[in-house]
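You will see subunit A twice below: alongside subunit B first, and alongside subunit C after that.
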Partner chain A sequence: MNCISLKNVSYKYPYTEEFALQELNYAFETGKCYGIIGANGSGKTTFCNLLRGMIPHFFEGDLTGDVLIEGKDVRNWDSNLLSTKIGYIFQNPFTQISGIKDTVFEEIALGLENLGVEKEELIDRVIEVVKLLKLEQLIKKNPNNLSGGQKQRVAFASIIAMNNDILVIDEPTSQLDPESTAEIFAIINLLKEQGKTIFLVEHKVDLIAEYSDEVIVLKDGRITLSGSTLDVLSNIELLQMGVMLPQAAMLSYDMQKADEAFDTIAITKSQVIEQIKQRVGV
Partner chain B sequence: MEAIELKNVSFAYPDGHVANEELNLIIKKGERVAIVGQNGAGKTTAVKLMNGLNKPTNGDVFINGVNTKAQTTAQTSAYVGYVFQNPDDQIFNSNVQKEIEYMLHYLKLDAQEIERRVSRVVELTGIEGYLNMNPFDVPYSIRKFVTIAMVLALETPYIILDEPTAGQDLHGIQTLTNLLDRLQEEGKCVITITHDMEFVADNFTRVITMANKRIIADDSARNTFWSAEILKEARLKKPQIGEISEELGMDGNIIYRHELVELLNKK
Partner chain C sequence: MDYAFIDSFRKAQVQNNWFLDLNPLSKLNIILILAIIPIVAKSWIVSVAVILFYFILATASSRIKQFSKVYIRLGLLIGSLLFIMRAMFIPGEDVLMKFGFLTITQEGVDHGIQFATLVVAICGALVFYSVATQAKDLMLALEKKGVSPTATYVILSSLQSIIDLGSMSKLIMESQKARGIETEGKAINRIKAFFPILGPLFLGAISNSEEKAIAMDARAFYAPAKNTHLRELRPVPLSEKIILLIVNLAFIGFIVWRVVG
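And now, the complex of A and B:
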């Protein structure tokens, strides 16, 4: 089933001449993880705003074409209902933290509180998320006093608590150390296993290679490349679109130059290790 | 001595939370240093001690031989420029050009000097196309370069970049790499906090590792990434090329792709 479909979608922000998004066509299937990549300024964050209905419900401007969310035109969705359907994790965790709550626990509960969730259920859900994200040590702390990486994990927790079917995640690990990054991706994987649809904007293509089912590449507001993660991330033309190839793919290409061509270019660590073992016999 | 020197430095926040313990360190003018470690290890607190935003609870911090305790933060920051982790903490003017010029007017520099400095830092950070925009309207990654430009315009001998790689694309990483090279050529000292291990391997020879409020290692990138002990204690990862080399059982403590390709081609 398609959860979101785009048909000839173009968009201009108010008071601007240039299109921020142009002629987008794509059918996103329920339960898949989509990696969204592209150079800065290519339209990734605007694309996220479109997917979660902030365009046109919050951002005015000029939207043409059809955005169908579960078959229904985004313009006809009630924006409150939409926010319970689609969760959004901001790029900058400093923006997401409300600043009005005194403890991490209350911060995570804020969204549920606004939905009018019963106190008992609210506490249960917050505790569940706290355990999942290993935030036990932080729950009594003031969110404003946390480090950048800790804030990012709390921001993530406050959205997970909402239990949305669709999650739009804009660079969830930009401020995180390698171990916390791995933990966040383990959770993204878990959400995927729960059947959630995930849109993931991420510069770390090594991680996109491991976790996405399909990849969309944006350039100047257009989809310039899309398809299976393997096809997209092994395409050397990505470099011209301002996107790095995974380390594994670069290694695979380098090994290929030194010898005959591989059938496929590896994009993940395990793939390239296998490839090298077969080639060199180490 | 022209250096940043930390002697037995500890720091606790007013609420009693201890963030740094017994830091000992000398970073000389002209050096290029990466600081790595887990979130909450005390990296940002430590660099704020270097530019006078934090004053040590115990021990002393010397900038070119002068104790930061004997100076105001403004006096210390004339030597040590600091680019905040969150660019929004550092921005308040109505356009990017004004933002960069703001401190230069405050320092009462003449118009010609202001123009020279602004054009230099705009070129270094590649933000030519954004000068007339409101800083809050430019993308996060560019906003980061705006704050870097603001600090570089002060022409301090020491510059601290707090997670400049966060949210940067291929072009942004290349701009940062060129920036580091240029600043080093000019004899500046650049101290960079980052979680990007590939960026560390590619750009830094000296790596300071922090864990649990302390400095646990101060070594080359290669030695740092091939020390199982350091990686475990600071919960770091090797650059992926290092991990691949390890799993293949290759010798030579590899951290670069070309090293691995050369070795494999010999097989």
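And now, the complex of A and C:
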């Protein structure tokens, strides 16, 4: 079943001449994780705003074509209802903190308060998310005084707590160290296992290779490449689109150059290990 | 995990102090009356009495340290400034002193004392209320009375914006300093360094407000559901209602006495 479909979608921001997104066609299936990659300025964040319904409800501009969310045109959706359907974690953690709550615990609870969740259930859900994101040490701290990385984890927790069916996640680890990044991706994996549909913008292609079911490559607001993660991330043409290949794929291509090619181009560490094992006969 | 902290949300948040635990709107009612009394009384003695009453109330509500710290400074600054201005410029017949073109008269001094104590007494209400009530509790009380969450959010986030603008200006000043621009020393240097940052500071704040609006939308701020609240205010006990009734009746009596008298 498709949760979001795009049919000939193009979009221009108000007072601009150039299209930020052009002729997009895609059908996104429920329960899949979609990796969205592209060079800086390729339209990834605008794409996220489109999927979340911020376009045309918040950013008016010029939208043509059809964006269908659960079969209904985005223009006909009540924008207030969309926030209960689609969770959105965006890249700047500094403006994602509400600024009106004194503790991280209350900050995470804010979305649930707005959804009218009863207090006992609300507290239980916040505790669950705090444990999941290992925020135990932060719950009494003022969210306005946290570091960028901590704010990013709190913002992530705040949206996860709302338990939306669809999640649009725009660079969730831009401020995080490798350990916290791994933790966030473990949670994304968990959400995927729970059947959530995830749209994930991320520059770290190795992580996209590990966790995405399908990948969409954007360039100048157009989808230039799309399909299964293996097909897209093993495609050498990615380099011409300003996107790095995963390290495993780079290694596979280097092996090809050295006339030691593996049977297939690997995109994850585990695939490479498997290929090496086969090669050496372990 | 600090479960004692989490459990504190399961019941009404009380501070075990008779005044602090009053409903924020009851406190506002009492404080407003205290602020209006000196205006109606038009007597510096009443103003001073109200000022002293704030100190008694602050002591009784264990807020004397926070209250004194702000109020004494503010009171001395505003009070002395207003007194000097009035004393020097209000004309009168009973001349006490002359300094060149300035003539200090008994009428000016009387007027200065009257006006300065009145303004300081009114400021006291504001300062005392701010140390005795958390803004979020006041907003919660207002929401319970039917004020829209959007209105309370605007007030609370405006208060936070003041803090954010302060830290942002500090950050920009530090960046300027790192670029070799003189930001310290003489007043003229400070002014020269400060004014150019106002543009980027406010433009940045405007740009952030757009993202903040999206962030709040992502938190279902406009969702068509009746909000619940993690924090809980103590239900207003009967004793508090009776105290409030007595205070309000006494105030009405005072007004009537002043008007009729």
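Annotations for the structure displayed:
By our rule, the second predicted complex is superposed on the first by the 273 of 282 C-alpha atoms of A that agree within 3 Å, B and C clash if a C-alpha of one lies under 4 Å from a C-alpha of the other, contacts with A are read in each partner's own complex, and residues count from 1 in each chain.
The criterion applied here is as follows: contacts are C-beta pairs under 8 Å (C-beta built on N, C-alpha and C of every residue); 3 or more make two chains touch, one makes a residue touch a chain.
Since we're looking at a predicted model, the values are computed, not measured.
With both structures placed on the common chain, the touch criterion links A:D78 to subunit C but leaves subunit B unconnected. Of the two partner chains, subunit B is the only one that A:G242 touches; subunit C does not reach it. Once the two complexes are overlaid on the shared chain, A:G148 sits against subunit B while remaining clear of subunit C.
Taken together, the two structures place residues 92, 94-95 of subunit A in contact with subunit B in one case and with subunit C in the other.
Touching subunit A in their complex are the following residues of subunit C: 1-2, 5-6, 9-10, 136, 149, 153, 156-157, 160-161, 163-164, 208, 211-232. Contacts from subunit A toward subunit B in the complex involve residues 38-41, 45, 91-92, 94-95, 147-150, 171, 174-181, 203, 206, 239, 242-244, 247-248, 250-251, 254-255, 258-259, 269, 272-273, 276-277, 279-282.
Put simply, subunit B touches subunit A in their complex at residues 37-40, 44, 85-86, 88-89, 139-142, 163, 166-173, 195, 197-198, 235-237, 239-241, 243-244, 247-250, 257-258, 260-261, 264-265, 267. Within the complex, the subunit A residues that touch subunit C are 52, 54, 58, 78-81, 83-84, 87-90, 92, 94-102, 105-106, 109-120, 122-123, 127, 130-131, 136, 139-140, 144, 155, 158-159, 162.
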